[in-house]
């Protein structure tokens, strides 16, 4: 890593420009799929950070849901529709919640970490389902966003604008996480997974390092949930807070691979394409196809799709 | 090293029991700067428990640990590291999926962060890289620089483990059996490398050792443990000839100080 | 707000991309084929009781329309002469998946009409998307009143009454048949459908009966819980005379079977608002004396209605699929028939030319026509929300024919059980159901 | 609260606890021995139920008596456990032993998706209904309400399973091997225990216990697609509360959850939905590894 040049930053920049241009050209349904993919990718970046430290959360739908419901409730009860208010609000809510729960979760590892995260997310799920003023299982609709007070008259333009906004958001998030992962603190991921005792004796609090990572991932998942709510124009507990939603995030993480912050964007798109086509080809058995695909990835591509990309680029560099 | 005059490390009436087993029984030790202390004792005599308590991994049942006069009994290992006491491990605690270089770089990054430099600075920066390369040379493991540590021979891992403990420039270093699991031929060369490197860095050393020749050769003082107690605390030539030590620690009445020299 | 010329046009000009060709073309010219997408649960728990009968009903009617085999007045082949290709898709997987799937149907697979949807949550989530994509969509089954309460819709129709009617009619039925029973408890699934059903029933009972005595402990088990041992115990200990439940599918069948053997139905009168879906499958295991609804005049409650359309529907269905049609079969068939009616009428209004979408929409708006089992009247929400009569009956096994049956069937006119335009269901019930015409 | 209500809550709680114990003990056994949190446990449950319902239907149609349908529950348990358990272990899990615990969980999640749809393809979407065993045993009045005898036998089955496992683990050689593996896998390998074989047998046993849960529940419910999805989350909660890998833990976890839920249903039906997860979160906050977690220490 230290010997070869790191192409992440120029790669992300090119990706950003390409994505925004493509967003204007592709058919609407593709745009819609990619927007959902990129929104999810934000949450997956957070899971990537945790994954590197050996932690897998089966409950990040909690923050997904918090972000989504923050947006939905602000729109419904206070009439706030501007992304400049909604996204920071979702960010704050999920960050604060992640920070608080972090005090408990930072003591847990491995499967226990996964299970306790699951329990917390299921409590939120239970509350949402139970509470009619929060829409119960039906959830409710979310209006189209405005941008810094502006709104595009053409619905499609508004979608393109939102997608571009999301791309910029994803770019910033990916860069920040990239720089974080390069820092001393960020490198305390693999180290923690390998040997916590040594990290403690080197003089850094593992609990604190995990707490920071957890809060970060919560923040990212919150923003992702907010963007998802704005993309789908609706929120509901089953597709955003239930354990299956958490499972989907973990699925996309392993599909993407944790080698680079760009991986979640690619992995998330592949996931949505797979699901769209599985659904079209085999409406009775699309889950089977998705499951088989996941199994194949686990068996034959443990580094996710990023390992393929890394290999291609690695090969090219040698030429 | 703020307080040069007083003792560097001191334990007062340190006790530790695990259920019915007493692992430490009123341990009182005072170490002054510059000493090299060998800790000897049979398996289960309480040596590692002592190191674990002093470095904060285990909390004593009763008693106090002072570092430069400061009570550190209740502190966590990382806080004790920050105060200038570090340790190595019997089983090297390294980051197995990373290279020797990365191991040390992370150690250096953390040490830097401890000194108030932001932990958010990039890890791969010139001063740290240079420092790590210097350490690799000092411990003579630079040829293994880019090898993943899971593939390294035990002796190299031991050196790396000690080097990592030294990255933070501690005043006191505790080594838990630095030569265990190493072949007899390699033991002395390993200790030579370690001791030479440690001397350069002006650090007070306590180390657990089973090989009496090593103890005799490298220490200025010996602590002999038996059933959680210290039965001898003296310079090596005295301690190793103490009848109690010879009976309970060395375990062989015939072992003389000249017996094993042939196998060097 | 400021206006920028269409970004996509600009982008296309700047990049002159040929990829654009994948764009959308609105169906305007004469066609000999249209595509109808029929979303229904094909997997998951709702597939057996709802999805599959629904799909069957739609499939059968589409085939019959293509072949021109429907009875009068719908015997003309095709939809405005065009044959329909049916695309069946799975409604399972949650709203977050159904929203993009809907988009795919319209933008990728370019269907002309979408007719179906069972889940209220999905319908509510889709409503704004449908309006945005501007494609004719006929909701067949989903019950939430929210669809038209939230905003006026241009492209959405619902060809059956919404869920309020089921609960209001249930309360009317109970009051008519058992005027001496005042206390009731309930067991409903803990999600929007169960919560709404209980709320509407409870509110209506309190309006209709000054002595109404709802239980303090009504049960809301998790959906798909399957095990109702504790709930049945708790209700057995409750003093209430009646039990209301909007359970459906597997949960309903499990509940009936567990409660029956434990004698709950001997102690209390059960009101099963969606019981109709379970009737044929349970057969003899469905105990007598249960108050049964079918979310409108469908399924077992109208099996013996003697009209040409109904006779055709019941016999053709039984021949083809081996069972009697249940509620969802009727409801999906009714949605398809709505499309057929709209296309045919629009063609007539258009001087015999194939109509465009706006013309079809105009034709359906406010329409009133005979469906298989009842009269459908798009009377509410500016002609987009249909109203129909509602009906309840009491189960009685017909041992002569070996079939489940119903007695004491009572129909309630649409105007009796549906709120008028402009009032939300809850307001209307709480306000004493003003304007209701119940004979 | 009068005596009848208390008695009813107790019996309801015990019935539900027994059910929970049967469905989760296999999960905890597999976790204890193999360190695999098996999401596909839900599939064994579902397949057991489908198989039992189908067999009971066929059996009754062949003219056998209602009482003899119990045999079919046993057959379904054994067939599903053996065939499905063996296939899953041999085809997938054995390649996962060297992998990360969490990746293994994901692999079982993938299996879960596959096996869930496979049920649909094989058994169709229509619910199965096989209440003959429940009717064969009839009902009985306790504490002023009617109960099914079948429901009460659930308690007996749980006790038999519990005692059976206890005997198996403490009184047989194989059981001691198993405990050795639970305790220290590396040590067991070095002592020459054939850990691979222990794994296969354990996994099949776990699968059978899952299938037994489904097969025994099948007569009381309508066996429909998707009915097993939530069982897995529920049994996770039980296992996490009791301590993952601990069989006494599964008993205590099941009792806590079962009785807590029964109390909620009778007194505060509105909180029933999250009482289970609230209990789980509280227990985990105070006892991170569950109430009876087998000790795991690390040597430095």
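Labels A, B, C and D are assigned to the chains in the order they are written; within every chain, residues are numbered from 1.
The rule we apply is simple: a contact is a pair of C-beta atoms (placed from the backbone, for glycine too) under 8 Å apart; a residue touches a chain by one contact, two chains touch by 3 or more.
Because the structure is predicted, anything quoted here is derived from the model rather than measured.
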Fewest hops from subunit B to subunit C - one hop per pair of touching chains: 2
Centroid comparison with subunit D (C-alpha atoms), farthest chain: B
By mean Cα position, the chain sitting nearest the middle: A
Winner on C-beta contact pairs when A-B is weighed against A-C: A-C
Centroid distance [mean C-alpha coordinates] between subunit B and subunit A, Å: 44
Inter-centroid spacing, subunit D versus subunit C (mean Cα positions, whole Å): 37
Distance between chain centroids, defined by C-alpha means - subunit B, subunit D (Å): 50
In subunit C, residues with contacts to at least two other chains: 42-43, 190, 220
Multi-chain contact sites of subunit A, meaning residues that touch two or more partners: 129-130, 197, 284, 286-287
Sites on subunit D at which at least two other chains make contact: 117, 120, 270, 273, 300
Residues on subunit B engaged by subunit A in the complex (per definition of touch): 55, 57, 76-78, 81-82, 86-87, 89, 93-98, 101, 105-107, 109-114, 118-124, 129, 164-165, 167-168
Residue ranges of subunit C touching subunit D (in the complex, touch as defined): 42-45, 47-49, 51-52, 190, 217-222, 224-227, 229-231, 233-234, 236-237, 249-254, 257-258, 261-264, 281-282, 285
Interfacial residue positions of subunit D with respect to subunit A in the complex: 37, 92, 95-96, 99-103, 105-107, 109-114, 116-118, 120-121, 233, 236-237, 240, 244, 270, 273-274, 277-278, 280-281, 284-285, 288-289, 298, 300
Subunit A residues touching subunit C - in the complex, by the definition given at the top: 21, 24-29, 32-33, 36, 129-130, 132, 135-141, 150-157, 160-161, 228, 232-234, 236, 238-240, 244-245, 272, 275-276, 279-280, 283-284, 286-287
Subunit A partner contacts - residues on subunit C that touch it in the complex: 1-4, 6-8, 10-12, 15, 17, 19-20, 22-24, 42-43, 88-90, 93-97, 99-101, 103-104, 106-109, 120-121, 124-125, 127-129, 132-133, 144, 146, 150, 190-193, 195, 199, 220
